[in-house]
Amino acid sequence: MTRLVYFAWVRERIGKAEEDIVLPASVRTVSDLLTHLTSLGEEYEAALQFPEVIRVAIDQEHVEHDEPIAGAREIGLFPPMTGG
Amino acid sequence: MTRLVYFAWVRERIGKAEEDIVLPASVRTVSDLLTHLTSLGEEYEAALQFPEVIRVAIDQEHVEHDEPIAGAREIGLFPPMTGG
Amino acid sequence: MTAPVTIRVQAEDFDLQSEIDRMTGGRGEIGAVVTFTGLCRDEGGRLEALELEHYPGMAEVEMTRIAQAAVERFSLEGITAIHRHGRINVGENIVLVIAAASHRQAAFDGANFMMDFLKTAAPFWKKEHGASGQAGDWIAARDADDAARDKWKN
Amino acid sequence: MTAPVTIRVQAEDFDLQSEIDRMTGGRGEIGAVVTFTGLCRDEGGRLEALELEHYPGMAEVEMTRIAQAAVERFSLEGITAIHRHGRINVGENIVLVIAAASHRQAAFDGANFMMDFLKTAAPFWKKEHGASGQAGDWIAARDADDAARDKWKN
């Protein structure tokens, strides 16, 4: 089980703030994960249709889309940050 | 009569904060004034022995040493500023 | 001593003078303190408020990482960063950065650096609330903020 | 409206939050406020206090001139500069500059510019009071301060 957490319009479009999910063994990288999620329903498709803008954190640390996700406890998906 | 005002170590060396003085007609510029004052006694000499470091304001506005002093009501003499 | 680093994410407002006093009190080596406060603008009357969302836990970790990089890079004597979350009305404070140093340019650079990375790397998002009460859009990231961050690359 | 300019030379201390609130209260166009506070350092334990002398009248005029140049150059929404005079003990405030703007870089630049010119053009002088009670020397002007000022020439 991997915990996924969503923020801002990613959260709003998917319709939940977090979920625990079992990932197929074929899902090895962040990029694989985004593709996999898009297949789960139109709400995921609406949130992740432009995967290149989605920012990702594994266990609360920023990662690139080619990062392996093996061993991740928590993966955060969110838009570019706009704080400050 | 012209009012002269002194600050910081210029004031301390001359031994007064201000004075009203009648200037000879030959004293036309700031530079002339500094030379003239140096002739008035050793306290002035001690204060103004390196005239190039003395900063000057005429009627509370910074001026260069070649500035004419005709019409000045108040002339301030002081070291380089160190506020802030 | 190591420079004190204070990081907080909170709903409440903050008081600049109290935050500065907490950092500088009794320390004779600090000669310069620079603060940056970000406030909620009305965008020409269009906005009433912003809603600030954050990633709890990661926000603090990321802010701490940036603060420590600033301390090291500019030899700061202390740094504080406080970011509010929740609804913030026009004219209210959103974020505070305080950088203290022996001399002034380090304090200016430290606060500026902290803000540039806070805007682009700390997980916070702003949503608009329009002046006429309608729910607004999420604010889009600005290229200018990335450019501001990239000026620190050397 | 024209940007409010507040200039004061005073013996008393100041409170940052009050000074900021006075400038920004009720104004939705301000998104960024940068403050600079200069404090009396102990110079490695050598100093107990500074004595700040100024040219009354001219100090305020010169500070106003610099502040107005900063407003114009950086499109500031407001600027405040407060300089204390008299005896100032280690750890106490000497000077405060506040620059407000729509966006952050203008506020940073405005406060930085104001400080660089305040240090080199406003008629203030600092005398040291040693930690062992002896009367000290007048502080000499630093070339680094002139260099900092000259970076604004363009």
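A, B, C and D label the chains in the order they appear, each numbered from 1.
Convention: a residue touches a chain if its C-beta (ideal position, glycine included) is under 8 Å from a C-beta of that chain, and two chains touch if they have at least 3 such contacts.
Since we're looking at a predicted model, the values are computed, not measured.
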*When you check each chain against chain A and chain D, which touch both of them?*
C
_Using only Cα atoms to place each chain's centre, name the chain farthest from chain C._
B
_Whole-Å gap separating chain A and chain C, where each centre is the average of the chain's CA atoms_ = 26
*Distance between chain centroids, defined by C-alpha means - chain A, chain B (Å)*: 73
*Between chain B and chain C, what is the gap in Å from one C-alpha centre to the other?*
48
_Two or more other chains touching the same residue: where does that happen in chain D?_
38, 115
*Residue list for chain B, restricted to those that touch at least two other chains*: none
_Each pair of chains that touches, named by its two labels_ = A-C, B-D, C-D
*In the complex, go through chain D and note every residue touching chain B.*
38, 52-55, 57-58, 61-62, 83, 94-95, 115, 118-127, 138-142, 145
*Considering the complex alone, what residue numbers of chain A touch chain C?*
5, 7-9, 57, 60-62, 76, 78-84
*Under the touch definition given earlier, write down the residues of chain C that touch chain D in their complex.*
15-18, 20, 24-42, 45, 47, 90-91, 102, 104-105, 107-108, 111-112, 115, 148
